[in-house]
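Order of writing sets the chain letters: A, B, C and D. Residues in each chain are counted from 1.
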Amino acid sequence: MGETGPLCLADMARLAEAALPPEVWDYVSGGSGAETTLAANRTALDDIALLPRVLGGFARACTGCRLLATDASMPVGVAPMAYQRLVHPDGELAAAEAARVAGIPYVVSTVASIRLEEIANVGADIWFQLYWQRDRAVVEDLIARAEQAGCQVLMLTVDLPILGRRLRDMRNAFSLPADVVAANLEGAPSRAHDTVTGESAIAAHAAAAFEAGLGWPDIEWLRARTSLPLVLKGILDPRDAVLAVESGMDGVVVSNHGGRQLDGAAASIDALPAVVKAVGDAVGDRCEVLLDGGIRSGTDILRALALGARGVLVGRPILHGLAVDGARGAAQVLSLLATELREAMTLAGCADVAAVRDLSTVEC
Amino acid sequence: MGETGPLCLADMARLAEAALPPEVWDYVSGGSGAETTLAANRTALDDIALLPRVLGGFARACTGCRLLATDASMPVGVAPMAYQRLVHPDGELAAAEAARVAGIPYVVSTVASIRLEEIANVGADIWFQLYWQRDRAVVEDLIARAEQAGCQVLMLTVDLPILGRRLRDMRNAFSLPADVVAANLEGAPSRAHDTVTGESAIAAHAAAAFEAGLGWPDIEWLRARTSLPLVLKGILDPRDAVLAVESGMDGVVVSNHGGRQLDGAAASIDALPAVVKAVGDAVGDRCEVLLDGGIRSGTDILRALALGARGVLVGRPILHGLAVDGARGAAQVLSLLATELREAMTLAGCADVAAVRDLSTVEC
Amino acid sequence: MGETGPLCLADMARLAEAALPPEVWDYVSGGSGAETTLAANRTALDDIALLPRVLGGFARACTGCRLLATDASMPVGVAPMAYQRLVHPDGELAAAEAARVAGIPYVVSTVASIRLEEIANVGADIWFQLYWQRDRAVVEDLIARAEQAGCQVLMLTVDLPILGRRLRDMRNAFSLPADVVAANLEGAPSRAHDTVTGESAIAAHAAAAFEAGLGWPDIEWLRARTSLPLVLKGILDPRDAVLAVESGMDGVVVSNHGGRQLDGAAASIDALPAVVKAVGDAVGDRCEVLLDGGIRSGTDILRALALGARGVLVGRPILHGLAVDGARGAAQVLSLLATELREAMTLAGCADVAAVRDLSTVEC
Amino acid sequence: MGETGPLCLADMARLAEAALPPEVWDYVSGGSGAETTLAANRTALDDIALLPRVLGGFARACTGCRLLATDASMPVGVAPMAYQRLVHPDGELAAAEAARVAGIPYVVSTVASIRLEEIANVGADIWFQLYWQRDRAVVEDLIARAEQAGCQVLMLTVDLPILGRRLRDMRNAFSLPADVVAANLEGAPSRAHDTVTGESAIAAHAAAAFEAGLGWPDIEWLRARTSLPLVLKGILDPRDAVLAVESGMDGVVVSNHGGRQLDGAAASIDALPAVVKAVGDAVGDRCEVLLDGGIRSGTDILRALALGARGVLVGRPILHGLAVDGARGAAQVLSLLATELREAMTLAGCADVAAVRDLSTVEC
């Protein structure tokens, strides 16, 4: 890309790969198993062709929207991602700052490498992502802290009873450096720093600390526990989406965890339409359907919205931006996305986000 | 290809790539974004398989047809393309001369690098392509000039409220050389010559000069303003095709602007059948459906016609011919196409253009 | 393949490519245009997956069958191919000898490089392929000679009003060597030996000598003219197959001329089922449907028969065999095919050819 | 894979390829003909995308199940494979030991290189695979021995009337080394050790010794002969599955023999759903449908079960394990599979094997 600097998210990914230690790059970019699902997320998006509209009679597309409890400058949130200090010393503070500048929600991970309260101080609209810990007292504490810190949404990850089998990390015997810790869980025992040949310390930590046996009754408990809007992240089967609705959820994220959990799971964009239909049939607009997995451009956002998503989460690209240039790099990623989205909406004749959902698509 | 000279349009493209400065080649051949749509235009055409007819009882296929207000030697027009002097000093004069020799219409671009009136003097059947300028007085002037110069059709481009994000041009900081100007807009302010790192000057010019907020009421204004046949170029959604019909349009061009505007838009050939059906349902033959995007052979013309197009526009190949050998090169391109088309029609048992539309196709 | 010798037809093709002058290899193996149809013939066959049957209770599959007026050892004929002396001095004599040894019909081409009567002396079951010449007296003479020489079937090629645009031959300025002539047409003017830059002399000859304007009335004339079984070769559209039936044809060959005529035509195997259905609906078994195009193995024969073909024609592989080792090479090709077919039938649980037609298939 | 050791079955395959003589690797890994079916087995599995369930409320998936007469730790058996001493001196003893450790059935091949009774002594749950020999006395003897040795299931291979045309073995003139013999058939004449250029000695042996003309009446004879559960291996067409049911079979294995018999046969996973439906319609659960062909991961097992299989057989990976490290290598393969399966079930929200069959799938 010469002197030009990154012009698209793929440029930023290439810069990040060059900037990061190989094992960190592997941790960030890898998937589970044969990485079939990781690849499918991208190819399935590429196969969605759009039929743009013309002559909309507007001069500037408005990308603003409401995502659950948050007003956002575009239908995008920063996906929850663990240990962001792995890629840059400023970690979550930098990423949240980028979200603040961009005007979109930032989802704080349970296993953030900086404490939730510090991240909240950045001033972004923040949501909190929950990995249900084996010790329910810890869960209760995390919920209380999220509420107190002003998190606007609570997003429970439901596709990680255990960590997916990420062969790159196992080959690298990947573990966290000493200065990167699960800051929200300080004091809790962690195996994420123990280097064991052929094993991922991240997986070992999840196995030790996360609750594997989570069930729908726990969701009801959670629903009763907090008045925050609740979102389940990691839904692919429409039957689960209906159960989520029936459990009083305010949203679901159609997600395969970026191809990092069950290898062989459907591309999230392929699973989206049936989930949208099931949720719509059950409660109309009352439960919002978000999507993540492979979103790398403004066109991808159009594809997801045209197939019924209310908004999308973007993950790895934020880490790429962080790796390259901290808060500035992450902001650049979001700025590129915002520009691409606005231009794509303009080219597709969509004056606002609602119009995007009315676009027709064709499978290639 | 040795001493033989170009035997197909792909040969000419290779010669042109060798002949042109890299940044001009990039400007000519590139698409927007990840160039998904650019590639799809070709692969979608290749996937259309034809069922030729036999024993038609004719010795020589007749390729002649009427395209809107013009009698043409074949169902092909030269697509409107900007700044043709970029690839050869004779620019539009040479291309129009090739169209004249071939007996097909030449569509003059609003941003031609030679004045419309000079091009008209070449003696080809000319149509005028309109980019609606912010200054409506300029638009009125362009229409009046087109009428006076004898343009037979007015073709309004509706898929360019802004320029697509063409990364190649941005990386090249592409701008026009001093001697290539928008000759029809002389006196108007232009940023197309300003070199800015990471930006396309062509995009900057479009942003500054073109009307981004064009709407259907403007089409009605235009319809009332001129008695020339009116065509909207850049329609992909059948709903827009119906609106065009209802606005009194005489034709539409199913087009994604050669993959240069919304990346992720459907291949034009994939969008064609639904548009043909919608237009036919609405007004029968009264509105003509043309197509552009990826046409590179006589067989491609058969594919488009078999799927319902009345005719096609050919763009980049003309520039390739110009780059290689001016008017002679462009004429060679059209001559190759004419030969290929006649031979393909003969091999497909189609005595005339109407018979081509009766061919059956199979998706591969 | 080391010392083993060819074990499949692909082996023989590789040996032939090494043995032949490049321009002859190009003439033999090339297709028209971008060679889309040439490639599609193979990929479409590869996409047909078979569901073999088991426990048929037979020890040895019987491959014998009747093809029109001929008893054959397997449902295969040698396709008509021009100028076989191009690849081996013994030309058609060697190929017919191979067919005789194999017990299958050999189709003599109008433009054979050895006289029909000499080929007939080899003792194979021969059919005669007709390219309708401009001079109808020549046509009448060819028919009379075919009848007198004991040809059992007359096969009229209907997909060659002109020659397809074969770029390889044009680039090579391909023409016949002086000692290879259209022996059946001796005395007739031929341009097939004139070398012209950028042109195929074969195409020039066809343009000069063959009747381009053949129509269905000519078929009726032919039907009245001879009592030989009549077959039209080069049918892809079921509407033409029905017309053939109505014109009293005894068979059709679903064919795109090996990808050498209309580039962009459907793979013959893709066109087969609709033709089989249309013919069956019209006359049941009374008109036989054969297929050629890409048959390279016993499994391919099963694929074609399972989709409804009565038999197949094999072309280029015979030339490969000839090129490698004359009659012996061609016989080796047919022997490999026979072995493969018998083994494939055995593995598919098909005791006889009729059982093959009852196999189910799945599109990959 | 560095010092880590194999982390997936593909790793083990790579290690095995490095460890084995090329002609043995070819024998193990090759398929018949153009190896179309061999490749299809894998690509068709990769194209099955799963929709995992969430919040199942269990902490540890239970992979245990019953396969015909055997309780197994997971829905997997070791496929019958000939001459396992080819890849390791301990051969079948080592493989059976691995199955014993894993707690899954081991299917002894008729052409095992160690006597059935010795293999039985290892203590695994064993089934016996029957190649019907021409000499019925040998068949009767094999059945009696299988019963006496405690085999729990008798599996008759029905897709090998003759050996498929395995070109690699023919090119290698593959034959058995002197110390590898068909131990169960000692005394019987064998050609499997005769090296003949261009031929596979394995094929020659099968042609000489196996009954090619097996039919449904033989199945009835067999059904009457033994009270062991009977399974037919090598069914792809649902019509044969129904005949199997009607012949009193207790199970069928949907299989194309690992792409080693009829090249062009459907991928077994593509044939599975129709067989499952036909069997279910005929007898509900009373006849079990197993599958083999390309299973290389826990996710593949989920794919097969989600499409209706009761269990799968795994073949080549066991040989890879044997080749790398004897019983320990084979056990490692099964251990990897068990881990992958349990983790995949956990990630798919399937507490037990029955839940896997309730998963939805999407074709990519």
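Everything below uses one rule, namely that a residue touches a chain if its C-beta (ideal position, glycine included) is under 8 Å from a C-beta of that chain, and two chains touch if they have at least 3 such contacts.
Please read these numbers as outputs of a predicted model, since none were measured by experiment.
Participant: Please name the chain that ends up farthest from chain C once chain centres are defined by their CA atoms averaged.
Facilitator: Of all chains, A has its centre farthest from that of chain C.
Participant: What whole-Å value do you get for the distance between chain A and chain C if each is reduced to the mean of its CA atoms?
Facilitator: Chain centroid spacing, chain A to chain C, equals 59 Å.
Participant: At what distance in angstrom does the C-alpha mean of chain C lie from that of chain B?
Facilitator: 41
Participant: Run through the chains and report each pair that touches.
Facilitator: Chain-chain contacts present: A-B, A-D, B-C, C-D.
Participant: Which stretch or stretches of chain D touch chain C in the complex?
Facilitator: 33-34, 36-37, 40, 44, 158-159, 161-162, 164-165, 167, 170-171, 173, 197-198, 212-219, 232, 234-237, 239-240, 243, 256, 261-267, 270-271
Participant: Of all residues in chain C, which touch chain D in the complex?
Facilitator: 1-5, 7-8, 10, 46, 48-60, 297, 299-300, 302-303, 339-340, 343-344, 346-349, 359-360, 362, 364
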